[in-house]
Each structure stands twice: as structure tokens, then as C-alpha cells.
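Here it is: the structure, laid out below.
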């Protein structure tokens, strides 16, 4: 333990009127709260269920300048990707997260799409990734790094296409964290992934005379393909 | 950076003459209030969330040692390292050592006020390492060799022509005849130039809006995505953060995040809110190999024990600056150091001393706008007034002001003497001023009459008139 | 009707037998010295609303100049005098958001170390009001009988707005004034740049702020700007005049009391 650390900790304690750490009972209470974090106030717009949340998510995501393509089933995703790229006059070479949720889709339906399953490189123009969750209160995606979801896919290419099942849409940020904790626990993980990001729309800046421009360093385009499967199939 | 806060008055007067800057700033001060009000109105729970956020932060401060120790445990368990630094020197040295270990030649930097506070960029350069600011506003300032004027909109005082000039001067490899009069052209150029920087950089340095004790995570909030690229592409990710940034849980962070973007940029949320926890995992295909958190004290542990403790709740949203009419008139650089506006007025004297910074808490009308918009309910005018009291006690207040106030108080404490004196003074002023009704110039009132007329008193004080009416009635 | 000693001269008859609200007027140093007509307008408004008005003779200043300059010792001394002078009245009313705010919001804190004085300060604070909000919120006034022809705009003084919660009350009463057209002032809630000693300590910055305020006032086309604080009004009037602006400034009390025929702030008062 360093001298600097000790001094800082001691000064903090002195400033709080203590000569030592907080007492064991208080510490236990805090630790308990850290082990089982309660939620604070959840705003109304972070509450709701099913179709209501889906509609709110779509509205808020579009407000944040993401585009949302709604498809009725996962099988339609490859076509939706190809159509988006054609509409936007973008190349058909995509780098894709090597994730089983995407592997399972019928990409052979779209032979024009050239797919590389890997992390992104600076030369990539289009990425396709899954999203872990959608958060209705602000039209936000929760994504995270991992062996099958390289983080660079969310940032390097100019166009990011995120595939989101409607059953993954929750109301509030806290709901998304709860789901992530559940998933990690089930996988025996004791720590968060290297990076978790809440993504709301494309990259932007207001640094030039406060005019909002898209595509500063991260993607210029964020297209969310929303797969509206039966919510019962969570 | 070397403080020049003692020269606030001169800097402010110069800033007032700068018509370009005045125009640029007035865009912020006139539009932001309405934008913020609109986005706040869309979240009816906003005020209740402010109360909760205050409670969370106050609780953290009371137990700051516990939370920092927990944070450190988690970071270490996740394969990261925490470096405790008492002073800016220790923090700079820690960062330099890490950069040297990595053999770094260049560093990609996300926006961080703490790195300004410790003067990191100049120090790295002096030691042969080149830092590149990647936030567009900070990048523009780096090209111009200027300090930021606002916490979240650092280049808000510049117009597009100035930015274009900076690009022409700084990007020497490009066609000088290219057009740079459209914002999009500037964005495209900056994106291309900085893309290379992210890719080449050996080290990425970011700040942290929050440090999460529960998970050992650091959190940054950006719109551009520069923080994400800075902390993902290079081999080493260094976070530089001050100790009071800790919050207990992800849920607590969510509560405060609901306030942050709404207060900073009048957005519901920024494009990216990024939680970083340790280095890349063994089977990750990308990400940094090492994760270091440099924790800076620099006076905060002491502030905690004093009258300015509440300023440690600050989440660096900049709303107080955006809406302060004084800041809006002179811009942030006039304050002469890292932090400007109302938060600067309270924090700067604590960090560099009231002697050097004495103008900052003085240059306020106490209109209270800052406190009314602060998401963390920091009583900024009260704290500024406390600095004024301390300056008065230490006799930092300039002689004229001290004697003026002392003289006024001398009379105000003695009603009979007061009556006698004001009767004479007001009668004189009323007589001189009666014809025109106002004074264009008045001895001893040069500060007032330099810019506006001084209405003349009506003559005959209220108290004298009232007494004579009362005597007539009784 | 009680007649007073010079100490407590009161005017205005109470209806015999009625329990009349007894108000002590805190006239404020600026009104006392610079524009007494505002004080008389305040008295008229209070009496018309059914109050008995007294004016404690020992008042000078609310201590805000000392307080905001960091001169806590003098602030405590002056505040102590105010507390003593204003004991025993139902209410203390000031034609100023900032002076009322000083007493109501800041006096108790001045005596944090002195429990007795703190209790007295709190007791005073609890019955201290700004004039317009007192009329609407305590005396339940919702209209006045005055007439004032022309377009008027209203500036929200900062202390009144943020310390005393004054926003709708002046507008409510202004809308009841016959002939008056109320135009909302854009950025009404932005400070005018007076700030007590601020305007002379940092005159350039103060000028920038009052310049903005005056531009907004002129853009409304209103012939008169009103506010509830004479500090703001002296500052605004001075700038309007330096600009040779056609707009004039008055205290809202003058208009509501129907006593707005005389010269506006900074206008010559004529001979004699």
C-alpha cells in the first residue's frame, strides 16, 4: 500500500470526523447495498410493458437520429440489411460480430452480401452486430464487448447496423442492467465485460457554432433492425 | 496551466471588447435556457431525481474512504491498477511512467478537465510524448494553443471562420485552396485527421464522469465516440479521475446520468455512455491490454472537511456556466484557469488559493440562476459568499471596497447619524439633478456612469416625509 | 386609531372593531433615499387592501451590501437592529424582492451561533414578505382599481424570483389594471446586471448584461418597464436613458397604486 494512498484515505477519514474506517455495522450495510443494488426512482417513461415499450423505443431512437427498420421475423434480417445498404448506396461488404444469434440467420438469402466475421478494422464501412438490450426511455441500445461481440464494431465503421429482438426491449436503464447481471451470473462471470456502452443514435458533435452534425468519430449512421417476434419467446 | 485568475478584470474587459466571441457566446446563452427547459419538462421526475442524486452523493462523501477502497479492490480483481496521487505532480508522474513503460510516442486523449487541472499535455510534450486531443472542441483548441472556455463545450467561444483558420494552419499537408466554409467540411477533415491518431496512438487517456464502486468501472459520456476509440484501439487505457467521482452502484449512476446530459447539452442522453471495466478479456478480439486508473486528490480530501464540501457533488455538466450571465458576457477563458463560471468561482479558490482567485467569487450578482439549474443542488451563491467572507477577513478585498462598505455600515448601524447624513447628501444630489432628472457623470460614481446615466433622487427621503406627515396627523 | 409618537407614526384608519392586519413597512434604503414615491405607493396599496401601516423609524438598511461583500460582522450588527425595530407587527413588508429575501432567507443564518437571536430572526423571517406577493398571497388581492394606459413589460428581479417565489403575482395584478397591455419580456428571468456593488465593481460586465436587458425591453415595444426592485430599475433606467431610449422605468407599486403620473425613474421632476 502506498504512502499516497494512506495519506489520502486518512485525510478523507479526518475530514469526515473519523480516525479510522466506518464502523463495521455501517460497512456491512453499505456492502449489502452494493451486493444487491436497489433501484432509485424510475421515471414513468421507463415503465410499461410489451408493445407500449416497443413503440416508445422506436419513437425515441428515431428522435435520436437512428433509423429503425421493423421486420416480422429474424429470417428477414439479411434482406433488411441488404435493402438498407442498397437504399443508402453503401457497399455490400460488412464486418459482422461472430455471434451465434447472427450466425443462425439465413445470410445465404443475400448472396450479394460479403460477410467477414471479426473485429472491425479502420477500412471497414459497415458493421452488423447484435444488441444486448433496447431501453425504451431514451431509445438506447445496450451493447457490450465479448468474444463474439468485438467492441470496435460499434465505432470504427461509418455505418452500424444493430439487430435487436423486440423481446430485448426494456423500459429503464436499470432493467437493462438487471438483465445483464442475470446473463453474467448464468455464465459464471463475476465481472462486467471490458466495455458496456449505452448507444443512442449515431455519433454527433455540436462543437462548430453549436450546429449538430452526425458522424464525428463514431458511426454516421445507426440502423436498428427491430425483429418483432412474439414477446412470449423471450 | 499557470493560473492568471488574478487578472480577471483585465481579461474580462478584453473579452467584452471581443465582438466575435460575444456573438459566439450569445448563441449559447440565449438558446440553451429554452432548450434545457424543454428537455427538463419532458421528464416530470427531474426535480425528484435531483434530490435523489444529492442524497446519493452526500452519502458517498460521508463514506468516501470505503467506496474508494471498494472501487480499488474491484479494479484490481478485474486485472486493472489504481494509482493514488495526492498532487498534480504525482498524477503527471504516474501517467508519464505508464506511457514510458508502454514505449508510447503518441497518446489519444478524450476530454478531461482533470488532465487540464494537472497540466498533463504540456508535461507529456516536455517529456517527448505527443498527446492528441480527440474531442473536436478540444482538438480545435489544441491547434490554436488555447484553453477551454466551458466544461462540455470547450470551443463554444469560437466561430466557424476561426475554426477553419485553425485547420488551415494546422493541417499543412492538405490543399490550401480547399473550401472550409461549411461545418460538414470541417467535420469531414477532422474525422479523417483524427482517425489516424486513434489508430497510431500507443496509449489512450480518458477522464471519468463516474467511478463505480460496485463493479470497479469508469464511466465516460460523449457524443462523438472519441472516448470510445481512445480507450479501445491503443494498447493501454489510462483513466485520470478525481477521488470524488465515485458512485456506489450502476443504478446510482443511472439516476445521476438522467440529469447529466439534460443539464449539459439539453439532450435526453448523449450518444455514448461507456462503462469500462478492466483490460480486455482473454478471448476479446479488441480492447486494451492494460487498464490503469490514476486517482487524484489535489485538495479534495481537505475540501471534504470544510465549508465547501458541497462543491464535491459536482458532476461537471456545465449548466451553471451555460446559464450564468457573467460567464455569458466574458466567456470561460477570462477566469484564468481550468474551471470557469459559477463552479469555477467556488472551486478555483479552493485549488489555487483565494489570493490568486479572489475576483472569481466576487464577479457575481448572486442572481441564483446557477443554483436553480444545478442538478446536484450545489448552493453556489452561498459558497461564493463564503469565499467573499474569507477574502474580507484576510483583507484580500481591495481597499476601496472595504472602506466603502465599512463606511456604509458605520452609518447603517446608527440610525440617527444615518438620517442626518443622508438627508444632506440626498438633498444635494436631488437639487443638482432636478433639471435633467439624471446624471451623465458624477464624482465617485465613475463605475456606474461610465456606461449608464444615474437617475437623480426625487428629493426628501421617505422617512423624513413620513415623519412630517405623521406629525401633521398627530 | 392610534396616533403615534414620532417613533411609530402610523397612518390609515382601521375600521373600528375590526382585527386589522398590522403591517410594518420596511421601506428599503433605495426607496427611502432615491424614490420615496414608491414607499407611498406601497402604503396606499397596503391600506387599500385593509392593512394598518406603521413605519418603524429606526430602519436604515437590510444589511445586504455588507453581507454580500463578506463583511459578516457589520451584517450581523445591522440585521440585529432590524430585528429589534420590527418586532411586534403582524407582518413586515418591503417593496423589494431582494431586501425581503435578505430578511427572510438570510437573517436566520447570520445568527447560527446565537440561538436567541436566531430564534428572533426566524420569527421575523416568518412574517416578512415582499409587497406584491403579500398583497396577492396574504391579503388575497386579485385586482386593483388603477388605470395605466399603454404597453408595459415586466422584469423579474432575481431575488424576488428565486428567493421569494415571485412570478405570477405581479402579472396577475398588472392584468387587472385598466388600459394596461402587458407584454411578456423575453429572457425576463435573466439578471439585469445590477447585483448591488457588482455593478460598480465590474462595470463592464454589468453594462453587457444591462445592455442585453435593455435590448429585450426595447424589442417588446413597451413604453414602460416595471419591476419590483428599485436596484434593478435604477440600473435599467440609467441604461435606457444613456441609450436615449423612449422606454421608461417605474416600480410596479406606482402603477398598481394608480400613482404613476409623476416623472418616471430618471426623468426630470420639473421646477420647485
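The chains carry the letters A, B and C, assigned in the order they are written, with residues numbered from 1 in each.
One rule holds in what follows: contacts are C-beta pairs under 8 Å (C-beta built on N, C-alpha and C of every residue); 3 or more make two chains touch, one makes a residue touch a chain.
Computed from a prediction, not measured in an experiment: that's the story for all the values here.
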Contact-graph distance - origin chain A, target chain B: 1
Message: So, comparing each chain's Cα centre against the centre of all protein Cα atoms, which one is closest?
response: B
Query: Where centres are the averaged C-alpha coordinates, which chain has the largest centre distance to chain C?
result: A
Message: Report the inter-centroid distance (CA atoms only) between chain A and chain B in whole Å.
response: 30
Message: So the centre of each chain is just the mean of its C-alpha atoms; given that, what is the distance between chain B and chain C in Å?
response: 34
- prompt: Taking each chain's centre as the mean position of its Cα atoms, how many Å separate chain A from chain C?
  reply: 54
Field: In chain C, residues with contacts to at least two other chains
entry: none
- prompt: Can you list the chain A residues in contact with two or more other chains?
  reply: none
Message: Which stretch or stretches of chain B touch chain C in the complex?
response: 9, 12-13, 16, 22, 26, 30, 33, 325-326, 329-330, 362-369, 371-372, 385, 387-393, 397, 401-402, 404-406, 408-409, 411-413, 415, 418, 422, 426, 434-438, 440, 445, 447-448, 450-463, 465-467, 469-471, 473-474
Chain A-touching residues of chain B, taken from the complex the two chains share: 24, 27-28, 31, 43-45, 48-49, 52, 56, 61-70, 74, 77-78, 84-86, 90, 134-137, 140, 153-156, 159-160, 163, 183-184, 186-187, 190-191, 194-195, 198-199, 213-217, 223-226, 228-229, 231-233, 243, 248-252, 254-255, 257-258, 265, 268-281, 283-287, 295, 297, 301-306, 309
Touch list for chain C against partner chain B, complex: 3-4, 6, 9-11, 27, 29, 31-37, 39-40, 55, 57-61, 63, 65-72, 74-75, 77-78, 81, 158-159, 161-163, 187, 189-191, 193-210, 212, 234-235, 237-239, 241-242, 263, 265-271
- prompt: In the complex formed with chain B, which residues of chain A make contact?
  reply: 2, 4-5, 7-9, 11-17, 21-22, 26-27, 30-31, 33-34, 37-41, 43-45, 60, 63-64, 118-120, 122, 138, 140, 145-147, 150-152, 154-156, 172-174, 177, 190-211, 213, 215-219
